[in-house]
């Protein structure tokens, strides 16, 4: 019945003799075949696919990930390799992004820098999601006094300027961490990451999850009052089953969308710190440190600034746009 | 309450004695006031009977239904199911006997679950099947019982109309084969034409499965149709309780009389000749109820003692209980 | 919740936050290895004298108590390293005056541009102006401050040469202000747009139209008023973002502001400076958030602390 499209040319029904012929055998059976259910994820994916901007951003993200993780393997140079005779070259065939003062290939350094940015974004997002959702879920589920106290703590943390704290924590941990890396062999791997990045992760684990915790708690409180939760309780549903089967699946969409939008914010912070010189430690490069290194010679070698600066903006932009699209697709209620 | 005289102890399925449910509400900086949602309510329900509960919104009837199932922990009082108290006990075994159908067919079904998982949840929790095939068979039987097509097995709630959703909700309640069901305004969110279908189905199910209902509604006509006896609630109190025929023929509490006179009559002649008692004023805030009789602020009778003393629910005729000083 | 009760609660919360921040910063500073005089070319003896002079040899809780008492009297101690012997308070106030001047200008620019662009975008939904504004605001929230700063530097100062590279020449304020204002402008644009779109669908606006109100009155009197409410809550974080953004803008353009001092005090381990600046910034942000929340509550009484 497609009445919406019919423009009612006349008020009289046009009845044709065919309308009275019996339906073919099995007409309804065929109709039943069409009742294949569309799940939540499938429906969300279909909504997402219709969003051209989000899909473009997704493609960009995939390309950027390939660039950052596969790229360095394909390059003939490594990020810390100083090529004699190739110092301070403008972009050319041999070095598409040019080289720096020490003859290091900027393309491969940008790839490694992008890798750092993407890793920072993803790891921080995971930390934020785990800490924030556990905290928020406990606060929302237990309720009462516990909830009030937990939320006041969140309020306090919320007003701490996190950038300042990252700087302070980085300074506090950098020396003990270096000692740890040198004395305990198991921590050698951490050396490459550097104390700056670890400080970022620590601060994300300590502070940045509060936004997430608020969202999760809000969702849980909203869901908790819905009748289907009461219905499950009336069926004798245990608390753990309630969380697993009903609460979590119902707020997972919002969770994912929030986490996706957390990624660009973490990348932002890392770039900022690296720019200030307290992010990754040399010779490891991040897009922030590359830009800040190049800034001194900005008048003569603008390309050294332009490539990493453009890359980081592109990474953040794609995650932002994809996150926006994902939020709309996963939670159609919010789109109204 | 001296009610033992006229009832057979054997027949009673559910008995509620002096049930109270207070919610502490902050009203000032540190001051807390109790919101008396259910205040000293007592009644019993016989096996196979339907007890209707009516009252304006906010009178505590929904809280009463939920407290009886201990979805809200009662503040005080006793609830006895089949002769045994359920207060302070692990409710899980009782969840097999006492179930609930909700008012809002949209909010009461988990939007992420298929129909089969919604209906089957109770069986999963209570482990009521031996094999997957048995589970499926049981679910399909239940769907058939409430008039849902087999094809809906794997569908999601959002694909259904309100009436169909309510059928799913009823099937879910029936999954554990309960003896007692609280119907919390099960039709008030539905279209009038659908209401009749659901009511008829509930009645059929009651007959075939020997169910006992506590039927909560604000629509007197529906309650009269389905109930054997009716209780009228006002501000957390039970003000009148009797058989539905008696309630209509001979309402004794002024509040009941007002409610009944507000029902529209389809016959214009009778409608015009009828004397209407208008319900004046607003229902008072349950946080700050009037002293003495809760209804006195809107009551046309009004006597001296009303402000001082809370009237008790007394049996004035056989099986007819009223809480009013002025009869 | 009554407005007065809300305000009292909110103020207590702000005080507790501030106290927590002070305590946290203090103990973090104490965890820091080494002391500020390690790098000095001083004998062990001299170092010991310096440490004793600044009370660094006393137990931590004594130092903490002293610090708190001094802080309440408005004394943040003296700088050990950076400007030896000068009161931290003076350094902060002097450099903050510079930062605040820039920051306020950027704030005004961001507020005006953000709200105007957001309104245009929201009212012309899916038309050309909206699309253009959306592209630019998406870009704006995706560019870290230093990218903006270096981009401006390359284009305006180096290639075109129309603006001076350093801050103290005429016109030198323009680039730092753009750097500071770009992110908040873009964010505000998006916020205002979303808010306008939400408000425009509300029934009460339909009622206004049905009453025969002109579209101008509907939009500018009724819609705008309500759609600006969320903007108020953003004012707190906005200030924070302009302040922290100041770190970059000030160091790129050589502005003698507080942000630059903070960066240099870190590298020179100037404990009292770092602590002073952290606490000062935090207090500023806490107070800004407090003011915004109270404003918000006054404008929209539905808000509660939860």
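Note that the chains take the letters A, B and C in the order they are written out, and that residue 1 is the start of every chain.
Here, a residue touches a chain if its C-beta (ideal position, glycine included) is under 8 Å from a C-beta of that chain, and two chains touch if they have at least 3 such contacts.
All figures in this text were calculated on a predicted structure; none of them were measured in a lab.
J.: Based on which chains are in contact, what kind of graph results: line, ring, star, complete or other?
T.: line
J.: Skim through the chains and flag the pair connected by the most C-beta pairs in contact.
T.: So the pair of chains linked by the most contacts is A-C.
J.: Using mean CA coordinates as chain centres, what's the gap between subunit B and subunit C in Å?
T.: That gives a centre separation of 56 Å.
J.: Let me have the rounded angstrom distance from the C-alpha centre of subunit A over to the C-alpha centre of subunit B, please.
T.: 48
J.: Round to the nearest whole Å and give the separation of the Cα centres of subunit A and subunit C.
T.: The separation of the two C-alpha centroids amounts to 25 Å.
J.: Considering only the defined contacts, which subunit C positions touch subunit A in the complex?
T.: Residue positions touching the partner: 13-14, 16-17, 20-21, 24-25, 28-29, 31-34, 138-139, 141-147, 150-151, 153-154, 158-159, 198, 201, 240, 243-244, 247-248, 251-252, 262-263, 266, 269, 274, 277-278, 281-282, 285-286, 289, 306.
J.: Subunit B touches which residues of subunit A in the complex?
T.: 32, 35, 37-40, 226-228, 230-238, 241, 245-246, 249-250
J.: Going by the contact rule set out above, which residues of subunit B touch subunit A in the complex?
T.: Subunit B residues touching subunit A: 66, 69, 71, 91-92, 95-96, 99-100, 102-104, 107-114, 121-122, 125-126, 151, 154-156, 159, 169, 172, 175-176.
J.: For the complex, give me every residue of subunit A touching subunit C.
T.: Touching subunit C: residues 151-152, 155-156, 159-161, 163-165, 167-169, 171-172, 175-176, 264, 268, 271-272, 275-276, 278, 288, 291-292, 295, 298-299, 302, 305-306, 309-310, 312-314, 316-317, 320-321, 336 of subunit A.
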